[in-house]
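Next, two complexes with chain A in common: one pairs it with chain B, the other with chain C.
Here is the complex of A and B:
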């Protein structure tokens, strides 16, 4: 018997031994049943996502103070309360307005700045880095900075307005400008991230496409609208979806700057939920409002994927 | 439309070494000029400067007598086919062709007429509504060609347009390009490092090396009469065998010029041992050790590896080069018999 035959026999024996071991058998069975393999992920999802949603749904039909375990079933009372509440509708209006402006203004600014900064020059890279810093600063610090900048009495923003010959504004203190003020701060904080995403999207557009466009006599605006924007659409779609969701869930800037005031003029749904629950102790109502927020976010995301998603050109 | 590069120098931003310097090239009106040379010799750079996609550091470029050195690519009346085709990935085949035409001042009806015309000419009519991602490499290549044709430019610039195609499609496209050239009668400037493409299609070949022009001439001229050792060794499959003579000059001969029997006019003989034999289908290629180096022989004759023979060449088949490696037409040695320079 040659050397090769010996090793072959040995490895065959080892294989048979392996096939008999319980571990090998168990693994073999598991591999035949894919659900066993995805079970851990399903368990985590059930526990961390599905359970809270159903719990919230149940709680929205009850009167609950969160501290006791006594849930008093009240049927649709919480929803009824919300639907007839003027504050709730004002908050809903604010939330939608905030979302539309946040998404449109945010993405337009991101694209404009992204196109401007997308040059590999030291100055542009520096500006880009500076712009990204707000994203990594805590919202508490950001809010403090802007509260100071927007001080109605002697803030720098009003000083600048006066120099430009414009009237001072009460900024976050006035019902007329409080929503605008929190929008400015939120846009400012998100700008660096959005610009970074746009720039990475722009860099993934191959250079030769632009060279072909130059040979095709395409003017700069024509190239921007017919080449850059369509090829940037996957990036823009990503930004739209994430900023729609994040604007619906905006809480921190409201809590830190205006607490929803003046007179609910800057109240947003997420902060309203917090108010109903933690400030007024109506956790049932808070849960009902949360369910409405969940439905709204889902519907808009669905519409996004269905309609905007169609216009996206993946390469 | 004649194209002239005059004293062109190119230094890429961020580098210090010029890619080319004092580069002078005249491309004749209506010629099929092929820029041929090894990788990195500056063919693409030269073509992109003609197209206006790359700025020249110094020097001038003239198209049809007009100085276009600083003119936009779109205004140079040229069309380009890129190596990777550079098709707009988000537009249909039709959209790709229309995009350029829309920037010209022509009516919509005219645009449609032209688009349909080139679609038919390139056999793309049935694919007009497809997106580029749904096309094969060869079809994309046609789209790039159709897009270039639609503008009826005065010159076509092509940068290795066939290099991504398989051998069969490549030879088919070669003959289609020749037909296109004959039909349009405009100037073609074609970049390649494939000498078969150059020899089959060109009316003019420009052999380049390290940013310099080594020779410009018809395919026959560069093939039969290389101006220097570089061209001699670069053109041909494989190129000429070049051996150094005692007086520092060189003698060259093509692999097919060697024979085993002494010809009547046998000026050249050399002894050597066959090292390897490769079967090429219609003939054999041998590598021969001749003591002062290795030479290559191509012949239909079957010779065994390991055997030693004396090889001869006809005087008419010999090319001489001076010690600066340039061609010279005086024989450098009365009889070239085993009088080669051997490096220590």
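Here is the complex of A and C:
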């Protein structure tokens, strides 16, 4: 459509508009007033994100009485409770271990599969599309599928283990393997997304860099480590930040598969908060743990803002 | 040299097949289990293909999960959240991108706050808030928080920034009202971004488990994922009907899988786009 056509449509539109109602006029005036435009979003943001932080900070110094629905100031007691609680430290240890494995295993597999699948051949593209499916379905669906695959008594994974001459595992039911089980499921669900992100990062690397490397007779591993990885670093940085934050906040897979596991063997911080608050009724302690989670994710976000776009861009 | 490349091809094919199996077999197993009789489903060693295809599990799952009730809740919550989020985000993004006003920077920081603050850290205060307001187990408690999304506003803001000023000026000089400029000039230009964000919001709300379990205390406004999960949770571990549970699971993910087959490119780019740019 040419500019003249656009203008013509617009003038016609303008004529029609004059006859329209007060509602139209009100809307039109509102469009010139920025505060009206941002009001709904700002109100909900202040109400559902900013206010709860301060409310939560306050509540973490109190004890909440379920019956009178009132708060009693207890100072640092909730934090002190957490600091000496064995369950809390176990949970923190699990959360950090989960994070390290999730990030390291996840991202190395993402890069490996991304490089492998970035060929623009039908089979490779098909695998990519299939691999992404778990990312768009509910964690409930994924957890149900894997609970069934991992059934200790009659799950097919144990059947496969038996065929390979290995002993059946209790998977998510046993304290030894429950953290590993939820890690497998979480990695499986997120793999397609990470691979896709890596591939889009790989495609943004200009081809002439590779041509130069070929002219210099650079070997394949050399090209990968000296060219691909450094140029991929903004993408990797993004993936690391998002995976660290999402692993700190992991709730669904724990709630759906192990509920913390025997002896908190697969309890993670977000689920611990839920347990303290809703299962045990200690809202103050839950809030104190929430504040710790908030500090952990804020540190990551802060590092992200400080370093993203600075140290990692080489081009 | 030639031999190596043939070997390379074989390794590549085997690896592709392995990946295919790794990501397709779990879905296959869900589907096959849903078509088995209860007895055959729990049989060990398992059968890779049912001796008799049974469809009754789907009817059982439909009843056991209360598909009508929870499906209705899911649809109400999902569609309301998508619609309201767009209605609130488009104007806000427009204001941040195209207008100057006092406190813009501060307001924009507030808007971006939910990208840094995980809901897992603030759901307890929100729960207490809801409980004091008497909002627990209401549709509004499930919808209102999602009217606002820092991500949506941020990405739409970027899209608005790319609309060239000259086009807008031309339209304004021509005497068009702001509303006409908005709907006739700007909206068509950023339509792809809006569709992308609506799609993302739809998928996230449809799949939501966390918010809908944690901030409800009874079944009134719970959604399908919770209901499907409850098919198995309600019963003793040993008496679980995995066949029925898997049938429910198939029905739960069917709408998304259909959407994904129809628009896989768009959905993939929606998720990647929302992450990187």
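Here, the second predicted complex is superposed on the first by the 247 of 315 C-alpha atoms of A that agree within 3 Å, B and C clash if a C-alpha of one lies under 4 Å from a C-alpha of the other, contacts with A are read in each partner's own complex, and residues count from 1 in each chain.
Following the convention adopted for this analysis, contacts are C-beta pairs under 8 Å (C-beta built on N, C-alpha and C of every residue); 3 or more make two chains touch, one makes a residue touch a chain.
This structure is a prediction, so every number in the text was calculated from the model and none was measured.
Peer 1: Could you tell me if A:102 is touching chain B, chain C, both of them or neither one (first, second, both, neither)?
Peer 2: After superposition on chain A, A:102 lies in contact with neither partner.
Peer 1: Taking the superposition as given, does A:227 touch the first partner, chain B, the second, chain C, both, or neither?
Peer 2: first
Peer 1: Given the touch rule stated above, what does A:88 touch, chain B (first), chain C (second), both, or neither?
Peer 2: Once the two structures are laid over each other on A, A:88 reaches no partner at all.
Peer 1: Tell me which partner A:217 touches in the superposition: chain B (first), chain C (second), both or neither.
Peer 2: It touches chain B, and chain C stays clear.
Peer 1: Between chain B and chain C, which makes contact with more of the residues in chain A?
Peer 2: C
Peer 1: Check whether A:61 is in contact with chain B, with chain C, with both or with neither, and answer first, second, both or neither.
Peer 2: neither
Peer 1: After overlaying the two complexes on chain A, where does the chain B footprint on chain A coincide with the chain C footprint?
Peer 2: After superposing on chain A, no chain A residue contacts both chain B and chain C.
Peer 1: Of all residues in chain A, which touch chain B in the complex?
Peer 2: 206, 208-209, 211-219, 222, 226-227, 230-231, 313, 315
Peer 1: What residues on chain C touch chain A, complex-wise?
Peer 2: 15-16, 19-20, 22-24, 26-27, 29-30, 33, 42-46, 87-89, 91-92, 94-96, 99, 101, 104, 107, 110-111, 113-114, 116-118, 120-129, 131-132, 144-145, 147-148, 150, 153, 170-171, 174-180, 182, 184-185, 203, 206-210, 213-214, 225-226, 228-229, 232, 238, 242, 245-246, 249, 252-253, 256-257, 260, 264, 267-268, 271-272, 275-276
Peer 1: Mind listing the chain A positions that touch chain C in their complex?
Peer 2: 3, 6-7, 9-11, 13-14, 17, 24, 27-28, 31-32, 34-38, 40-42, 44-46, 48-53, 55-56, 59, 64, 69, 113, 116, 123-124, 127, 129-141, 143-149, 151, 153-154, 156, 159, 162, 188, 191-193, 196-197, 200-201, 235, 238, 242, 245, 248-249, 251-252, 255-256, 270, 273-274, 277-278, 283, 286-287, 290-291, 293-294, 297-298, 301
Peer 1: Which stretch or stretches of chain B touch chain A in the complex?
Peer 2: Residues 51-53, 72-75, 78-80, 82, 84, 86-90, 99-100, 103-104, 133 of chain B touch chain A in their complex.
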